[in-house]
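For clarity, chains are labelled A, B, C and D in written order, and residue numbers in each chain start from 1.
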Amino acid sequence: MRDDVLGRANVRDTPELKAYYAELARYDAGALWTVANDIEPWEPRSLSVPTLWRYRDLRELVMRSVDLVTPEQAGRRVVMLTNPNRKDVSACVGWLYSGLQVMRPGEEATAHRHSASALRFIMEGSGAYTVVDGHKMPLGARDFVLTPNGTWHQHGVEADGGWCIWQDGLDIPLVNALEANFYEVHPQLYQPVTKPIDDSVKTYGGPGVLPVNPVWTKPYSPLFKYQWDATYEALQRYASVSEGSPYDGTLLQFVNPVTGKDVMPTIGAAMQRLRPGERTLAHRHTGSVMYQVAKGRGYSIIAGRRFDWEERDIFCVPSWALHEHANASDSDDACLFSFNDFPVMHSLGLYREEAWTENGGHQITT
Amino acid sequence: MRDDVLGRANVRDTPELKAYYAELARYDAGALWTVANDIEPWEPRSLSVPTLWRYRDLRELVMRSVDLVTPEQAGRRVVMLTNPNRKDVSACVGWLYSGLQVMRPGEEATAHRHSASALRFIMEGSGAYTVVDGHKMPLGARDFVLTPNGTWHQHGVEADGGWCIWQDGLDIPLVNALEANFYEVHPQLYQPVTKPIDDSVKTYGGPGVLPVNPVWTKPYSPLFKYQWDATYEALQRYASVSEGSPYDGTLLQFVNPVTGKDVMPTIGAAMQRLRPGERTLAHRHTGSVMYQVAKGRGYSIIAGRRFDWEERDIFCVPSWALHEHANASDSDDACLFSFNDFPVMHSLGLYREEAWTENGGHQITT
Amino acid sequence: MRDDVLGRANVRDTPELKAYYAELARYDAGALWTVANDIEPWEPRSLSVPTLWRYRDLRELVMRSVDLVTPEQAGRRVVMLTNPNRKDVSACVGWLYSGLQVMRPGEEATAHRHSASALRFIMEGSGAYTVVDGHKMPLGARDFVLTPNGTWHQHGVEADGGWCIWQDGLDIPLVNALEANFYEVHPQLYQPVTKPIDDSVKTYGGPGVLPVNPVWTKPYSPLFKYQWDATYEALQRYASVSEGSPYDGTLLQFVNPVTGKDVMPTIGAAMQRLRPGERTLAHRHTGSVMYQVAKGRGYSIIAGRRFDWEERDIFCVPSWALHEHANASDSDDACLFSFNDFPVMHSLGLYREEAWTENGGHQITT
Amino acid sequence: MRDDVLGRANVRDTPELKAYYAELARYDAGALWTVANDIEPWEPRSLSVPTLWRYRDLRELVMRSVDLVTPEQAGRRVVMLTNPNRKDVSACVGWLYSGLQVMRPGEEATAHRHSASALRFIMEGSGAYTVVDGHKMPLGARDFVLTPNGTWHQHGVEADGGWCIWQDGLDIPLVNALEANFYEVHPQLYQPVTKPIDDSVKTYGGPGVLPVNPVWTKPYSPLFKYQWDATYEALQRYASVSEGSPYDGTLLQFVNPVTGKDVMPTIGAAMQRLRPGERTLAHRHTGSVMYQVAKGRGYSIIAGRRFDWEERDIFCVPSWALHEHANASDSDDACLFSFNDFPVMHSLGLYREEAWTENGGHQITT
């Protein structure tokens, strides 16, 4: 790892140095200059590669898991999405985890809690619900629900519902890497529902209003469910008065209404809308993002590669990878749901963003 | 001001002391013990008295101002509501100001800005609008709009609208008392509308979502308008899952969505709903409140006096006055809009609250 | 209050209007345009006048109070400093209160607490001490000590000390005006000392270090005492590396070390140093300030009037009054201790500051 | 990874499942239940092992690097401390990096900056200095200095100084893992000193006082240097009024005086003092810690292993490892400097702490 730049390490191995390195190793030590250029790169190098998971490939595989394992055996019947270079940490991109989970009517997974933060984005089916710390929430397609770090949570499908599939998003790889993960199964296996149905949305989901008491001080949003209808309406209204971002189209982030900040301390989420025919410019930023196509079809160019997507497809953008999006329809809008680790970047002072200025702001695909 | 309690001042005047006091006065000084018990009362003593302003009394008077003065002469045609003991500072209660303003179709007041914070609550009419820093917002009955400290603002009624009356609420007396009021007339008298109509609501009025850019750092809400329909629906939804407060029924405060805090640094606002037949318990708190009856009829008992109210009536609760509310209808709900100086109390560490525990939690009316 | 400027009220009284005003008054109402220009001034008008209290005038008067009243009768033997225009609210400037208190060796005032925030600045004597919520602190000349809102506090002088005089500073007028003052005498009249002597300074007074537990969440500083020696040394060190402010010389504000913010929610305090011969430029700001000369001699020009001062003299600068300071010595530095209501201005979004640019930045004295 | 607990995965491999897993892998997918118990452990499992680096082992090796490489070749002559299980990421514990750097009189390393945050703790020598964004600071033994993320920094030793050795601490492994590291060599290779010597300490190092302007808004402390003398005095004073922590003795954390929070967003630091003969109880917490013995001798029991230490020895405590400390002297105190990643744990909501209650609170050594 020599680098012929002043201020960088550039040491040639010699027999004397090799002997020295061996002696250092005996004392759990090493010479910084042998790795300095490697561990202090000029800019971030993500281990993850841009990847697209097609729903038409995965749906049948997910469904098949129902016949292969029971929820009791599997804990949860989930097909994980693993980035080619991150299988060792079960990550889909960076330190994020994602999977597709299926449940049949009448099934309910046991309750547990963990230090990892989690979210679900409903892809298909009816009758799905989640219970978070006693708050039960029915879920429809394209609804987004939180099960924050430390909360008891369990998922199920009502007996009169249909087969349900949703995407899970978690920071399990991050919390493991940070050596801070705790896990508990609920002492009664299933937690009781102690609040009126949907009380979270009915209490915290009004626009520009909040209850005064009790004061909410937990580090995550008390609004656990973000419904598609309201979100899509908000996007349309916002798009009617704003040009939006040149890189993201019309984007709204999901927030904790009590603070106006990200929904959880480690995971942020957003829904963005591309106008018919809209094609954004390329930019890049630190932080990893997982996208799911909530509506429409189009393509994204990520690190120079083009990925065509349609509804329910999932793809990732690794940290510092250039990316731009395009709606392939001239008549319909397209919407992308996404979750990310931006809150980690912001909290730790590591967020950085850069527009791509060459070639009219667009990447040249390879 | 003698007080026969150990630790309190209890000094009898003597000729010697009188001479001493006179000498002190020559040096812009005085003896603390002559006023100590007065300026350190056991608990707050409000100068304001509980007062009810009946709309049926005021409406005609407000209308008549149209014939008496032009907007050009008057600046604004406003009938101030003055607390009997606070006429000297033009306050309706504590350090809050309120007035009823009328405008005819086609009229528009000139734009100005000031250090005082302001709000309006629309009482009747159609075609009203407000422009705040270039953002124009149409206003319907029972809508609530902010014109925060330091923003250019102007009010008007469209040519095809009807006569409009609204309630103004400001902290003018407070800002004057704090000797911090600045006032400017807009250099072009009328400010231009520079943004799409209602862009504030369409940008910041979605539930649980916020735009990412630009970052809003001003000390007041970027959501300037809170519409009655959405607020009333939020109240009903909240009431369906919560018992509400024993003192306030179902109450939602209006918030800055970017922070989850009060809409402006000096004035808070809320809408509360009393169920059919609901009667709350008495409590008291520091901070002054102005109420307007947005819907229904009922009564409030304030410092032992009963005040019956109906739609569009206005009343005040002075600091530390006991108060309780009742909905007089067994079939319809009642709603109270209110604004207050609680943000001042909270920021300065002066908020205190106390439930009334005697007589089953209800005051005995005098 | 007519004003011949477009956008301002300019209504001439007529018999018809007078009748209208009388009718409004019957309903606790009035016409805004009769007072609008008065209550919306172009810029702040302070009721307070710049005032200097000479210690050579006051010292003997303060001492004499010892013979005239006992602490038991008076509660506290304090000569208040009253601004000529603010005697009605016992204020020295704006909504601040100040007084000079004297105690003899062996005397101890009873303990009390109140919503008002308080501080003391020791002027002369030895053996003085203050007890705040069980923390006892010995005090020397020019030490600054807090007795924050809601804390039990009592003052005394050790039996082997000397006569002590100090300046009290409080926000009593403000808290009364805000109708939020509560007062209690300690149930045992004198509170016990429950902590090691000076534990506050020894726990929170280290530079750049803080204890981890317990977590301090109260709205005021846990560091109650700021010692002159350390403060003066800090000023000298700061002056050795910084030009300081053109308006204030070398100024350090006293802070809550747990937040880096003002020591109390309503009162800030600072110590500033003028180099030998230093003369500052004029500026003005919202907020009121009381100064005490901690060291040296010089003069200040306040709203065009020159006030010459020497050690232990006290003077005030009203809100929005232009002011500039000068050290009259070419060999010795001068230090001004001050307390203010800037935290109120900042919390409520009302702070504004302006440099004086005419006449080379200096006022012309009248 | 089967686990015979309800709510955990417990699926036995079958030929059918193996085929299914193979098919999943073709689509960059996998079955969660094959790894679930592994990636959701009951409690944190650190990859790092408790390790002690003896200064008597390392000192000569560090010195020898002077003859082996020049600063120009090596960038910096640093002997890294590598945890046996973390050599792949050049970490000493968790995601922290540490190394011992040596410099001769007259040497100066080139200036660079990076997203990683850094600190130095001086071990021996005279004439050392660091320049951070134009602020030059002389450094003595046991002084602690910051070179925060994004600041230009360079180190050197004055020509009339002695050989200097210090410990570096950085979060390079973390910032690399988070794929957010940027690195730049200073365009002029050496940055100019633009501020008076030690202006940071002289501006921000006063106890309980802060300058008003300019307002410091960066996410790290403007106080870059924390001097041993002042820190040790603060510890002694604190110890004189407090029992201290049962797990840590008398511990003060280094803080950003402008916020009262950690010195940098990703790295915290503390100095703790063990009384003569003091032996603490065992506890554990998430987050990794590197210790250096600043004074005295004693031992620590970490995860059941005893490590004896003396001045300048360095040791680590991995996340969630039980640990307790003992001062081996009955007459002299012992001091431990430490740095950690607690700010990461706190920002991300992952901090957890637990006292050890068995065996009288002490571990049984193995």
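Here is the rule we use: a residue touches a chain if its C-beta (ideal position, glycine included) is under 8 Å from a C-beta of that chain, and two chains touch if they have at least 3 such contacts.
Bear in mind the structure is a predicted one, so any value in this text is a computation, not a measurement.
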{"item": "Maximum centroid distance from chain D, chain identifier (CA atoms)", "value": "B"}
{"item": "Separation of mean Cα positions, chain B and chain A [Å, integer]", "value": "43"}
{"item": "Rounded Å distance, chain A centre to chain D centre (Cα mean)", "value": "30"}
{"item": "For chain A paired with chain C, centre-to-centre distance based on mean C-alpha positions, whole Å", "value": "52"}
{"item": "Sequence positions of chain C contacting 2 or more other chains", "value": "none"}
{"item": "Graph class of chain-chain contacts, one of line, ring, star, complete, other", "value": "ring"}
{"item": "Contact pairs between chains, per stated definition", "value": "A-B, A-D, B-C, C-D"}
{"item": "Residues of chain B that touch chain C when the two form their complex", "value": "5-11, 16-17, 20, 23-24, 27-33, 35-36, 39-48, 51, 53-54, 57-58, 61, 64-65, 68-69, 72-84, 87, 89-90, 94-95, 97, 99, 110-112, 114-116, 149-150, 172-173, 175-186, 189, 219-220, 264-266, 286-288, 318-320, 343-345, 347-352"}
{"item": "For the chain C and chain D complex, residues of the former touching the latter", "value": "195-196, 198-199, 201-213, 221, 223, 226, 230-231, 233-235, 237-238, 240-242, 245, 251-260, 270-271"}
